[in-house]
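Got some structures for you, see below.
Look for chain A in each of the two complexes below; its partner is chain B in the first and chain C in the second.
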Partner chain A sequence: MELIWRIVWVAGYVLLAPLLGGLLAGFDRKISARMQGRKGPSVWQPFYDLFKLFKKQSVVVNNVQDFLVYGFLLFIVFTGGLFFFGGDILLVFFALTLAGIFFIMSACSANSPYSAMGAQRELMQMMAYEPMVLLAAIGFYISTGSFSVMDIIAAKESAIGYLPGIFVGFLFILTIKFRKSPYDLSTTHHAHQEMVKGLTTELSGNILACVELSHWYENVFLLGVVGLFIVNSTWWSWIVAVAVILVSYFLEILIDNVFPRVKWQNMLKTTWAVTLVAGVINLLILTMIK
Partner chain B sequence: MPMIAFLIVFPFLAAFTLAFMKRHGKGRKYFIFACCIAIVAGVVWFAADALIGGGDLSLLPETKAIDMGILAAEIGLMGLIVFYGFRFRKYYVALLSVAQTGLIAWLELTGKNEIAGNRIFSDKLTVIMVLIVGIVGCLICVYAVGYMKDYHARHKEYEDRRAFFFAMLFVFLGAMFGLIFSSSLTWMYFFWEITSLCSFLLIGYNRTQEAVHNSFRALWMNLLGGLGFAVAIVYAALVLHVSTLQDLVAMGSGTTVAIIPVILLAFAGLTKSAQLPFSGWLLGAMVAPTPTSALLHSATMVKAGVYLLIRLAPAMCGNLAGTMVTTIGGFTFLATSMLAISQSDGKKVLAYSTVSNLGLIAACAGVGMHEAVWAGILLMMFHAVSKSLMFLSVGAVENSIGSRNIEDMHGLIVKLPEMAFVMIVGIAGMFLAPFGMLISKWAALKAFVDSKSILLVVFLIFGSATTLFYWTKWLGKLVAMIHNSERLPNTVKGSEWFSLISQAFLMIGLCISFPFVSTYLVEPFLADMFHETLPAIISSGNLYIMLIMLCAIVVLPIAVRFLTFGKKRKIVMSYMGGANAGNDRAFVDSYGKEKPMYLANWYMEEYFGEKKLLKPSLILSTAALLVLMTIAIGGAV
Partner chain C sequence: MNVSKSPWLLHYDGSSCNGCDIEVLACLTPVYDVERFGVINTGNPKHADIFLITGGINHQNAQVVRQIYNQMPKPKVVVAVGICACNGGIFKECYNIQGGVDTVLPVDIYVPGCAARPEAIMDGVVKAVALLDQKRKKAAEQPAPDPKEAG
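Our next item is the complex of A and B:
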């Protein structure tokens, strides 16, 4: 019985995450527009864009790009699927890293100056956020005694009670993962900047649509991890979790609109500093009381 | 028993014969192949026998005659080192050697070391080590035959001493087998000294000034460790009345009575496995021909260091010796993986990565807990295969394109596709899920968290991030597709190919079969070592998930071909702001002239460079080592 439920969760993720992710992107554009005093497009605009991209002929620079981008999509879906299946959170994050490397390789294979720059920057971003991601997994393990997502959500108390510092740190790196300013170093939605489109410069048509789709899947998964900090064995914790997720996402949009992009040096230093201060100190205290 | 004697003695005999085969030709080549086949057959036979027969072996309690023979050989080794020390005016080397051999000789000749104990011991860890040394070591020897021919064709300036070179490779293998099978500390020490001397001779092969300088650095650092080893033997014999490693570990587990010899042996292990502050010798070893580096980095030498540390693990669990090893190992893991980011020389990146991975293995051994040691052993196996594969492929690429700089490997997948494939397998095995090393890193992380060592956790999470960075950027260089590139002629020789392909398949095979290796070799060994059985360290559910990932990676290329079959795609040049000069290799600059495009990786010298990080790391690690050793030894005395 339990297994069936877990499979339903995975199926739900695979089928509904694009819808949710697309809607999030739509609201993101709407809210950003309002913050900037514009009206903004319809919340369905991201879907129109995606469908149009899928219809276009793909223009590629070589024959392996599509393979690597499909790999990225596949492993992002795999990551999210494993997470919603209730699997091992460390393995989930390892799969996420693998997906990220497929994406970087697609840019490296292009032999193009803007892609190459984006690839190096993306790699730098990964190096910046990786310690915090691992720390979050360790935090869950110490506070609930298990790496398994199934066990973490069945805990009596919410993990955030033990992990306030790690939660803050995780929100911090979420800015990098959502590709939001000030940490949108490797690629961005606005194609008029010094790096053109960075990582995705050489991707177009249905391949670019795959990248967009992967990001939606990824965003829903990441917000799921935010929810994991809140959910416990009580039913109302799920409602709180949804509320916290929405507030977190709004916060990311706000940060995106308030801060200008920084240099990578700044990103690396601040992210690692936050990891050390918020994350490691939290961990120290946690090992003392647990 | 006969097989053990064969494995120890045969490589020495082969080496002796090879030393006299001065003529270059088919005869020597086939003789080396035959010896390698014999050794591989021997280790496979031994492993099968040990697995089917089960049980551990303890042999030779009384061997006065052999003991004296070994002592005589040891004095001979000392003579050789003293000779080199005087010839090159490095007197401190002679002094170090005389001091330690003197100690051992005194102990043996006064009869103070006549303590009951088995000289030879074999259990599941021995089997694992024998397989690593035998198979990986022999593949490197096979590779060396073809490589050295090319090497001397390219470097006419060096004297051709191939007979000596091949002989030394086999001496190395013999010494490693001896070290692994020995239980007696004095025997172990003897083989330990042979590996030190051997690496000295191999590093100095070219006889250039740099080679001589680096070989002496390797020698004095390893002799320093050897001195620690010798003092440990004397202390163990005089104070604790034990002469074998097994007895010493049994005595030291759970108490601190044996902490002085344990910490001294651990110190020797750290020098041999090139941990900070002794990393210099292994980096200097790059000057030697590639098979030497491959041998030192993967199957032999540094593995001897971590092997000793793993053996000592129960005696280090929860005491200051353990703290010393975990601190140094963890710090080395982080510091050297950062240093690797700033390097563009392929061999140097590999060297730093070896030191870094060994740091992790040492840290696992130092934690001394069941799952940590499990992680350490698996790391050691995966590392041996993937590192040897990487070194040999860098060597082969160097012979083909004339450079071993990672920047020059840009677009290797078009120029030398087979070579690039082998390298991709090696790199993926180093750090990516679901392959090899990552599994052990995962277990290590769990063990560090369970042992509540926050410092180690911090080293590991940041070290993983930096490791990710330097491997991925190398991978990125390999996969760059340049339009209209010519394939380079593949000059790699048959024997080299055989070695590379076997290792690539060995790597893949190990990734698939590691659950069996864990069940039949590692877990029984740990059950003996800790007198308890633990539930599977990685649950079967997670194993299936990783298997699914592995299959997905294999199926993906085929699936994508089907998905995109019949779809029309347009292939264009990469975007350069509209200034392409007709292809994706050059652009038109602002003067209207054509300029070649060059895409470089990030090295960030000002943040991760040797100038910035090396000195502070050395100072910090030396200080940590001195302080912890002083506290431990002072506290025990």
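Our next item is the complex of A and C:
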């Protein structure tokens, strides 16, 4: 019976994440527009964009690139699927990194200097956020005694009680993962004329649509991880988790609209500083009290 | 769902005096906010649906304009913004100017003005958007289009 429920969760993720991710992106654009004093597009705009891209002619640069982008989409779906199946959180994060590598390789495979620079910046971003992601996994293990998502959500107390520092650190790197300012160095949803669109420079038509779709899957998965900090064995913790997810998403939009872009050196310094201060100290205290 | 729901445009400055360019960018400001129609100023020919050109064509940028146009995936529409892009305008008699954009590309929409007003540019873009759907429908009816055929 439990297995059926877990499969239902995975199926729900695979089918509904694009809808949810697209809607979140739509609200993001609407709220951003309102913050800038504009009317903004419809909340369904990301779907219009996606369907249009699928209908456009696809200019293929090379076949490897298409394969790598499909690999990115597949492994993002696998990452999220494994997470919502209740699998091993460590494996989930490794699959996420693998998906990221696919995306970087797709940009590297094109001959354009813009793609190459985008790929380098994406690598730099991974270097900045990966330590925090691993710390989060270790934090979950120490606080609940298991890497399994099923065991973490079945814990008596919410993980955030033990991991407030790691939660803050995770929110911090979420800015990079959501491709928001000030850390949107390799690809962003705003500055279309700038170098920061590097990663997707050589992609067009349905391949670009696949990247967009992967981002939606990825965002829903990442918000799921935010929820994992909150959820425990009580039923009302799920409601709190949804509220915390919505607040964090709004916070990311606010940060996006308030901060200008930084240089990569600055990103690395601040992200690692937060990882070190919030993440490592949290972990040290946790190992002492547990 | 139609292409017209999400027109992404590419803005190229030919030999414009920047008057029309400023007006094009003014369309993105909160006053006019073209993003409410789903318009995004992409700056990348491979992502764009509408090619917006300001300024006339000279011998140096003729190949550039042609190359950008060829990199854009179909269906695509060309909009000439300002009198210089339409027929060369005040620079028409200059030794280096070939004339309007239609000397190198098939232009679909002409937006006159010096400088073209943001309202006129938006009107041109809206007309271009309608044309995108027509072109798409046409392409769907003819499964194997001639690769040399423009648009």
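Throughout what follows, the second predicted complex is superposed on the first by the 284 of 290 C-alpha atoms of A that agree within 3 Å, B and C clash if a C-alpha of one lies under 4 Å from a C-alpha of the other, contacts with A are read in each partner's own complex, and residues count from 1 in each chain.
We take it that contacts are C-beta pairs under 8 Å (C-beta built on N, C-alpha and C of every residue); 3 or more make two chains touch, one makes a residue touch a chain.
Here the structure is a predicted model, which is why all the values come from computation and not from measurement.
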Exercise for review: Considering only the touch criterion stated at the top, classify A:P113 as touching first (chain B), second (chain C), both, or neither.
Suggested key: first
Review point. What is the contact status of A:Q57 with respect to chain B (first) and chain C (second): first, second, both, or neither?
Key: both
Study note, to complete from the structure: Across chain A, the partner (chain B or chain C) reaching more residues is B
Review point. Touch check for A:L20: first (chain B), second (chain C), both, or neither?
Key: neither
Practice item. Please work out whether A:D49 is in contact with chain B alone, chain C alone, both, or neither, and reply first, second, both or neither. Key: second
**Study point:** Partner chain in contact with A:M127 - chain B first, chain C second, else both or neither
**Key:** first
Review point. What is the contact status of A:V240 with respect to chain B (first) and chain C (second): first, second, both, or neither?
Key: neither
**Study point:** First, second, both or neither for A:T201, with chain B first and chain C second
**Key:** both
Study note, to complete from the structure: Going through chain A, the residues touched by chain B and also by chain C turn out to be 57-59, 201-202
Check your understanding: Which chain B residues qualify as touching chain A in the complex?
Key -> 411, 432-434, 438, 442, 445-446, 449, 452, 454, 457-458, 460-462, 464-466, 468-469, 472-473, 475-477, 479-483, 539, 541-542, 545-546, 549, 552-553, 556-557, 559-560, 563-564, 567-577, 584, 597, 599, 601-602, 607
Study note, to complete from the structure: The residues of chain C that touch chain A in their complex are 1-3, 5-6, 8, 30, 33, 35-38, 40-44, 46-47, 49, 71, 73-75, 136
Point to revise | chain C-touching residues of chain A, taken from the complex the two chains share | key: 29, 33, 36-42, 45, 47-49, 51-52, 55-59, 192-194, 197, 200-205, 208
Review point. Which chain A residues qualify as touching chain B in the complex?
Key: 57-64, 66-67, 70-71, 74-75, 78, 82, 87-88, 90-91, 94-95, 97-98, 101, 104-105, 108-116, 119-120, 123-124, 126-128, 130-131, 134-135, 138, 141-142, 147, 196, 201-202, 265, 272, 276, 280, 283-284, 287
